[in-house]
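What follows is a pair of complexes built around chain A, which joins chain B in one and chain C in the other.
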Partner chain A sequence: MADPALHAAQPDVPYISATTESRLWRAVLMAVAFVFLGVFLVLPLVLVFMEAFRKGVEPFFATLVEHDTIKAIQLTLTVAAIAVPLNCIFGVAASWAIAKYEFKGKAFLTTLIDLPFSVSPVISGLVYVLLFGSQGWLGPWLKSHGIEILFAVPGIVLATIFVTFPFVARELIPLMQEQGTGDEEAAISLGASGWQTFWHVTLPNIKWGLLYGVLLCNARAFGEFGAVSVVSGHIRGQTNTMPLHVEILYNEYNAVGAFAVASLLAGLALVTLVLKTLLEMRYGGEIAGARRH
Partner chain B sequence: MEVRVQNVRKEFDRFPALHDVSLDIRSGELIALLGPSGSGKTTLLRLIAGLEQPTSGRIFFGDEDASSKTVQDRNVGFVFQHYALFRHMTVAENIGFGLKVRPSETRPPKDEIRRRAHELLELVQLKGLENRYPSQLSGGQRQRVALARAMAIEPKVLLLDEPFGALDAQVRRELRKWLREIHDATGHTTVFVTHDQEEALELADRVVVMCQGNIEQVGSSDTVYDQPASPFVYGFIGESSTIPVAVRSGEVGIGNWATGLSASNEADGERRLFFRPHDVELIDAKANGISGTVVATRRVAGAKHIELTVDGLPAATRVEIELPAAHPARISDRIAFRPSQWKLFA
Partner chain C sequence: MSIAAVNDGWRWKQPSVIPGFGLTLGFTLVYLTLIILIPLAALLWRSASLGWDDFVRIATGARTLNALKISFGTALAAASANVIFGTIVAWVLVRYRFPGRRIVDAMVDLPFALPTAVAGIALTTLYAPKGWLGAPLGELGIKVAYTPLGITIALIFVGLPFVVRTVQPVMEEIDREIEEAAATLGANRWQTISRVLLPGLAPAIVTGFALAFARGVGEYGSVIFIAGNLPNVSEIAPLLIVIRLEEYDYAAATGIAAIMLAISFAMLLVINLLQSWSRKRYG
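Moving on to the complex of A and B:
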C-alpha cells in the first residue's frame, strides 16, 4: 500500500529517461503508428465483415451452405489436418537434431528450414509442377501408376507443407537450444529410454512453444494462397481451398459470397491472434519465438 | 562397487580431453576429481557415467566391463551442477522418476515408489516438501532433491558434477558436511568433481588431482598437500613459492650462494625449488640460507605475507613467505630464511 504522506514528500519531478523524446514527438510517432495500422490493417478487416453482411444475414449464410463453399471448407480443413501434424513431427525432429546434437552441416540445415520464408510461395508451387506435372520429372511415372498429385489433394497438401514448414521448427530451435541437454541426460541416467525421455521430459518442457508454433502453422495452412493456387487447378468443389474459393467468387462478381468466405478466414485470424497473445502473456518465457515474431 | 578406469583416452573433434588415464576407485570410498577448468575432470566423470564414450580404453564396474553399456544399463546416480530437476514435476515425482520409468517387470508399485520418495526426502532432510515444484525451492534444496533422485534408483556408483558449484559459500559448507554424513550413512561409492581444493581436501577420502587431461596425483588429502608429486600439484593445492636453483655435488645453491639445503640423491643441474610460504624458518644472516630484501608486506588474516627479492637472482624474481603477524619486517629490511619442507623439480 502506498503511503500518501510519503508520496507527498517526494519531489514532484517526473522521471525523464535519456532516450525519451519530447511530448509532442511522442504524440506524433504514436499517431503515425495508429493511423497507419488503422488504414492498412483494421479498416480492410472491418470492410471484410461489412461487405459480407451488406445484403443482410441471409445471403451471408446462403453462401456458406452452398455446395462448393462447404467443399472448399472441408478441403481446407483436411489439408490443415494433414499438413500441421506432419510439420509438427518434422519441426520437433529437426529442432531436436539441431539443438541437441553436434554435426556437420548444422548451419546449412538451419538455413534450409528458413527457405520457405524467403522463397515466393508461387515459386514453391511451380517447383511441384516441375516435379509432378505431366511434363515433369516424376509426373509420367506417377501417372502410369495411377497416382495423381498435381491438381488433386496430395499436391495441395505438399504445397501447404512446404510453405508452413518453418513455423514449428523455428519456434522450437531457440527454445531447445536454450534448455540444453541437461534434463535429457538426467532422465537417461535415471534409466529412462529415449522415448520415455522425450515423452516425460522433453515434450513437457517445450509444450507451450510447440503449441505456439502449431497455432502459427495452422493459420498459415488455412490462408495459403500462392503455392496452392499453382498446384490446385481450381476445380470447383474438388480442389478449391477457401482462399481460392474467395478468389473465384470475387471474379464472378459475387462480392457478398467472396466476403462471406473471407470473413471466415478473417475470423480465424482473429482467433489465432487472441490465442497467440494469451500464450505470449501466460508463457512468454517458454516461447522463445515470441521475441521475434 | 569398485570402478576401474583403464587407459582411457577421450578426444573431442581430434582435440584430446583426456590422455590415457587410469584410476582405481575403491568400493565405498568418497573420491574427488580436482583440477582447474579444462583439466578433463568432468569428462572423466561423464565417461564413468556413460554420458560420453571413450575414444579408447575401458571402464570396469567391479569385474564387469561397462565400456559398451549404455547410460541406462550402467545404473549410476548422476547429480548435475545445475540440478537438472524436471521443472514440471513435483519433488516427489522427480525423486520417483527413475523408478517410474522402469520396465513393468521390475517397476515397484505406485505406493512403493511414493514410500521410497518419502524415505529419501527424510534422508536429505526435506520432509514436507514433496508437493513443491523445483521453482519453489532454494538452490541448496534443489541440490538435495537432485541427490535424492539419483539415490532413488539404488545406483552402483554416485557421480556428482560440481555439486555445490552454483551455491553460495555458506550453503556450500553446510551441504559439504551433510554430503559426508549421507555418504557415511549409505556407503555408496561416490565420485565428485570440484575445482575447489578446500572442498576436495575436506570432504574426500582420496583426491585425484588433474591437469590438462592427465592425472597428476592420487592420494589422501595429507599426501597431496604434504607430498605433492608434481610442480602443478604443488602450485594448485595450497600456497607455494618457487625459486630457480642449481644442484652441485648434492648441495642446493642459488648462483654462488649455498642455501644449506642438501639434496644428496640429486644429480647436478638446474632445478626449481618448491616450498610452502609458511614452511620456513628465519635464520641468522650469516648462516647458509636464502637471503633477500623485503619489497612488499601484506597482512592476510592472522599472518604477514612478505615478498622478497632473492640475492643472486634477478630483481624481477620475487618469492613470498609467510611470517607471524607480529613480525616487524618492513620494506627494504634484509631477511634470511630456509624452507623446512621443500621439494625439487626439474
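Moving on to the complex of A and C:
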C-alpha cells in the first residue's frame, strides 16, 4: 500500500484531499453546526424535562392526575383515533387513484392534496368557524337542529383532519408511483379480484411507507395547536386538548404543570423520532420519505 | 399524436386493467371537497362578499399592516438564518463522519415532531430575562423574549428541518468527480465550493428557503408565547386573526386571512416553478 492516492480517497486519512476541506475548516464547520443544533434543538428539549421535574417528582405527577389533565389526554387520544385512520384511508385511496392510473388533471389533484401544508394553522381553524359558526353558512341550521360542531369535539376533529390531511397521501403517492403497476396487473391477469390484489399484493409493498406516513400524521394530530385553538372554545375539561392545556397552565403561571404536560408531548415526539429513524434504517428502500433526506 | 387518438376524441383517462379507479378517485374527491375545498371556499366567499372598500380598510389598517410586516419580516429573517445554518448542518451531516451522526441527523426532525406549543413555552423560558440564555444575553444588552427577535428565534426553530431536508438529498448526489475536476484544473477548495458546488445546490437552497419562509409566515403556536404580542410591535398576523375572531369581527379576520392565503399561494406557485425548473436543469 505504498501508493498515497489509494489512501487519499478515504476521508479519514490525514492527507489534504482535493474534495474535502482542511482539518481546521472541518472543525470550524462542525463546531458551528453542533453549537447551532445544541442551542436551537437540544437546549429547548432538555429544558422541557428539567422544568417538569424542577420541584421534584411529586408535583409532576400531581399535575398529570388532575381531572382536567386526564380529560385533555383523553380528548387528544380520541381526536387522533378518529383523524389518523380517516386520513390513512384517504391517503391509500388517493395514492391508488393517482399512482395506478393515468388521467388528466393528476398534477392539479396532487397540488390540492398538499394545500393544507401551505395554509396557516389559524386559517385552517378559521375556515370551519366561517362554515359552522353562528354567523357561518351552516351555523343557523345546525343551531336549530341542536347539532354542535364548533367549540365541541367534532370541530376539533375536523380541524385536526384538515392540518394532518396530506401526510399519508404525500408519503404513499411517490412510493406507489415508483413501484408502478406491474405487480397489480400480474395479479389481476392471474384472476385475483381488486380487493385481493390490494390486500395481498399492494399492501405488503407499501406497509412500511404507510406506517411512516401514519407516524408523522399521528405526531401532528397530537400536537396541533393553532387550528384546534381557534375551533375549541377552550372549555376546561371538555374541549381542551393536551397542547391547549399546556397553554392554559402556562398562562396561569403554573410552569411545573405546563411543562409536565409538555414533557408527555415531548416524550411522544422523541418516540416518533426514534421509530422514524428505525424505519428509515431498516426499511429505507420501501419508504419514499426516507430517500428525500 | 396518433390518428387513433384523434379518432377516439379527447380521452381524460388511459385504459387500465386495474379495478377501483371510480371508487378510489370518487372517495378522494368527495373527502377532499368536504374537508378542504368547501371550507376554503367559505373563506373565499366571505372575503369576496366583504366589498372592496371594506377590504381595503381592513388591509390598510395600521395594526393589520404592522402585523403583516412583522410576520413577513421575521419569517424572512428566520428563513435567511436557516439557509446559512441549515446548509452548514446538511454539509456536516453529508460529508463528515463522526460518532453519533445518525442521532444528530434524526434530531434535525425534532421541530416536525415536537408540538409547537411545547416548543413555544420551552423557547420562552429559555430566553426569558431569567432564563438559561436570556440572562447572559440580557447582560450583553440583548433582549430576546417578548421582542421581534424572539419571534425570529421561534421561527428559526420551526423552519430548520425544511432547509436541511431539502438541501441534504441534493448534496448526497453531488458527483465527487466534478470536485476532483475543479481541483485538477487548479481551483482551490473555496473556489470549488463557491463556483462549482453552490450553484448546483442553489435550487434546493432556494426551495428550502421558500418552504421555511412559508411555514414561518403562518406559524402560530411556537410564536405566541415568546412574542409578547404587543400590538404594532410584536403581534403576528395569525394572532391578529385570532384576536379579531374573539371580538366576533369575522370580516376583519377573514380579510387578513385572505391576504395571507393569497401570499401563501403565490409562494406555493413559486416553489413549484422552482422545483420543475431545477428538475429540468439538474435532472
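Convention: the second predicted complex is superposed on the first by the 273 of 293 C-alpha atoms of A that agree within 3 Å, B and C clash if a C-alpha of one lies under 4 Å from a C-alpha of the other, contacts with A are read in each partner's own complex, and residues count from 1 in each chain.
Just so it is clear, a residue touches a chain if its C-beta (ideal position, glycine included) is under 8 Å from a C-beta of that chain, and two chains touch if they have at least 3 such contacts.
No experiment lies behind these values; they were computed from the predicted model shown.
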item	value
Chain B versus chain C as contact partner of A:137, first or second or both or neither	second
First (chain B), second (chain C), both or neither touched by A:196	first
Which of chain B and chain C A:81 touches, first, second, both or neither	neither
Of chain B and chain C, the chain that contacts the larger number of chain A residues	C
Which of chain B and chain C A:147 touches, first, second, both or neither	neither
Which superposed partner A:188 touches (first chain B, second chain C, both, neither)	both
Touching partner for A:70 - first (chain B), second (chain C), both, neither	neither
First, second, both or neither for A:204, with chain B first and chain C second	first
Contact residues common to both interfaces of chain A (with chain B and with chain C)	185, 188-189, 193
Residues of chain A defined as touching chain B within the complex	182-183, 185-193, 196, 200-201, 204-205
In the complex with chain A, residue positions of chain B that touch it	49, 51, 70-72, 75-78, 80, 82, 84-88, 97-98, 101-102, 149-150, 152-153
Touching residues (chain side chain A, partner chain C) in the complex	11-12, 18-22, 25-26, 29-30, 32-34, 36-37, 39-45, 47-48, 51, 89-90, 93-94, 96-98, 100-105, 109, 111-116, 118-123, 126-131, 133, 135-137, 158, 161-162, 165, 181, 184-185, 188-189, 193-194, 197-198, 216, 219, 222-226, 229-230, 242-244, 246-247, 250, 255, 258-259, 262, 265-266, 269-270, 272-274, 276-277, 281, 291-293
Partner chain A, residues of chain C touching it in the complex	12-14, 16-21, 23-25, 27-28, 31-32, 35-40, 42-43, 45-46, 85, 88-89, 91-93, 95-98, 102, 104-119, 121-123, 125-126, 132-133, 153, 156-157, 160, 165, 168-169, 176, 179-180, 183-184, 189, 214, 217-221, 225, 238-239, 241-242, 245, 248, 250, 253-254, 257, 260-261, 264-265, 267-268, 272
